[in-house]
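Here it is: the structure, laid out below.
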């Protein structure tokens, strides 16, 4: 390495000068305070240099837009639920007239309790079944199979479809006369099981269709859940697969060396480590369950009937069909609280583990 | 190949050996493929059959020669084409905008250090999980109050938009006041998309090297320059993931469209609404319904088939 | 060009309400063109100090000046410094050329052609001219290291800051880069602050070294001075490999009494320890004489516990009084066997004495040559 190149290089630099560009506000503030000992100047400059200020132009505009639509709208909704807003009149936002009338009405409305019950049935069985199905799929796909990508793509495919499209397909699947489900059941000689799935009745031939008596079977609701399972188990699979892939190979090998059977290995070694995947998949699935409105709306319109009505369909019906705006808002608040009880502990847990 | 070997080793299975367990495994996998594809397969077969044919033949059986028809697809395309165009006009800007906003927000909330930051992050993330029912009535009120069309009139006459579109010829992109509601829908979807896009980008930005960003600062780059010259070019893979994920979300939405597009249907209807209208009739023309479902789902299906891995990444990252 | 001064600089962090002192009242002046190494164990505050100079951390108290210009309140871009990071921190999506151009594009108004020329010249100086169109991902660790260096050099800053820049290299490349970096700095004559936890790097590279512990500056001195005249017990133990042997002992008149042995002091040393009740006696391994004559002064019968042959020398671990082990280094050709009894002499002129409670040096070893300035590197 020859030093004279360097000397030349550096000399030229010094002569030609490489003036520090002073084009930004911060730069100006810097040179301003460089000479003197102005405390104010330095305070201003350090304020401008503080990360909170420097980062604000990036996160603040999205935050305001999102905050207005999410938190602003939720607050507005809560306010509306305290009014008597209904019909074609405009809401009056007079705090002196605010009351909990709409909540009282909800709590004494039988339909509200049915919808709440159905919401929880949907929430719990749909989430549980999707998790179980997704875990099963993930384990199968993780068994070192050929064409793994292809299988995975097929299983996740329904998740890319909209609720509307899924509902259209499944209305046809559940069709009594020529739907695939009944065709399949008849094909394997189980004619008597073939049902009018979406109306919750069994065709008994001579006696005509009779309703499946006990509502508690949630016949209709489980037809819905089964279709949703088709759509969402692939999602749970993807989350579980990511969890399985994060487990180091060593542990599989160690379990093998210890002579554990495959079943024991999964039960004792692998499953306990999928807790985080389970929690995050469960939260997202529950949120989807609360949003399952689209699906029910396409299948049944705004009134799915007592065995499949959930809070989101009831809220929509009250607000946008019956124009009971304030009542709809109150139901929406209840729905929001249900979601909050699911999400808040989850977010707090993430925060505690430093993963936020 | 190597992944497969790796996995094979991890579970201790010799892939080449014929093992009854292995046979059962593949049988199960194939059976599941049948389960996941059967609604689509029988839907497609039905869409290709005449009414007489689908009423008599099992749904999954391909149409006979005389029972074959493309007419349902013709009807579906005729009915849905303008709604699909609307959906594109909605989904593309809404997706790009929320991805950009999410990227900005994630940068501001990840690559800087300041007190109270996590509180803001929590508010962003909680936004992912709110049930939209909780904002529906305010949304309908808001867009009833805000007259987008009049507001935009001085800058943009949205009632006379038209464009030359290949294949379809001249398309009146906006010939009806209802098109203002597409703009309303874009803004709404952008806003509600920000939480998830922020989360996706944040996961990615957390992994960027702090030293590299500091080096750029010492090199004289301000926060904006660091974003434009370092962070943005490095986020391209994440943009792909986010755009793909968010596109399917916006495209698939029905609820906001029901609320924000005043009469529900009409010339401003998006694909999901139009499909629901098409299939909601009393007459059970299942072949047309199925064809409609395929036509309406086509863009997301295409995106999924072409970029399935990125979609899966968005799905797994969005938790 | 000017001196870089740290004037009573402190850094406090807020850790859940309690104040954590990362750097405590550090003052040092780094002369124009000087190579100062900041060394200390991990968590001692050396990186924080460097980052305060860079402007990546705010200064809680005190001032940092370049010449007479206060710079601790300026944003990093206005400080005219360049930094080389441990991870190199190269921009992965830019070519080597793009990486080297970036700083000039962002901080100067230089014309494109001038920037290009400067980048070309600097890269050929560093032997990376043929890599200019590659991306960092395609380069080896050593090449990336050079690019990181080139990125700093091309900006011709007033001060180079280097944060453990060699620690990601393998041992052989590291020692090669050590010399090269040193020579480069000397040629460029740019004031350099170099952070490392490796005392070998500190000893071989620095004009002066600043030893930090627990956020406090222990000593700023030439490497030899720090080695032979440590300011306190920490410096004595940190500098030198194997470490200095320490024995805690009670002062009893002219004698030091420890668990394993007693040590008679000359009048001069006795004078030095006056006022302390308990002292630490320190002796470097190479100053322990392994001899045959048990009758010599300050000689002790010991048993060889373990011998670690290094080739050029042997590290001999000695047992004294059954328990306490200390190390002596003897010539590589000398045969010493484990289990053997040997006589170890601790010559008084090589002994360091520290106050056992404060750790302050009471007396350093005596030296014939008082010239402990860094020898002119003859490269």
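For clarity, chains are labelled A, B and C in written order, and residue numbers in each chain start from 1.
Everything that follows uses one rule, which is that a residue touches a chain if its C-beta (ideal position, glycine included) is under 8 Å from a C-beta of that chain, and two chains touch if they have at least 3 such contacts.
This structure is a prediction, so every number in the text was calculated from the model and none was measured.
Here the two chains linked by the largest count of contacting C-beta pairs are A-B.
The chain closest to the protein's centre is A, with centres computed as averages of CA atoms.
A straight line joining the Cα centres of chain A and chain C is 54 Å long. With centres defined as mean CA coordinates, chain B is found 14 Å away from chain A. Chain B and chain C have CA centres that are 57 Å apart. Multi-chain contact residues, meaning those touching two or more other chains, occur in chain A at positions 20-21, 24, 26.
The residues of chain B that reach two or more other chains are 220, 222, listed in rising order. Looking at chain C, residues 77, 107-108, 155 sit in touch with two or more other chains. Residue ranges on chain C touching chain B, taken from their complex, read 54-56, 76-77, 81-83, 85-87, 89-93, 102-103, 106-108, 151, 155. The part of chain A that touches chain B in the complex is made up of residues 20-21, 24, 26, 50-52, 54-63, 65-74, 76-77, 80, 91, 137, 140-146, 148-149, 151-165, 168-173, 175, 177-180, 183, 187, 230, 234-235, 238-239, 241-242, 249, 252-253, 256, 262, 280-281, 283-284, 287, 290-291, 293-294, 297-298, 301, 311-312, 315-316, 319-320, 325, 328-329, 331-333, 335-336, 338-339, 342-344, 347, 351, 356. Interface residues of chain B, counted against chain A in their complex, comprise 3-4, 6-13, 15, 25-26, 28-29, 32-33, 35-40, 42-43, 46, 54-55, 58-60, 101-102, 104-105, 107-109, 111-116, 118, 120-142, 188, 190-192, 194-195, 198, 220, 222-224, 227, 248, 251-255, 258-259, 272, 275-276, 279-280, 284, 286, 289-290, 292-293, 296-297, 300-301, 303-305, 308-309, 311-312, 315-316, 318-319.
Those residues of chain B lying in contact with chain C across their complex are 209, 211-212, 214-222, 225, 229-230, 233-234.
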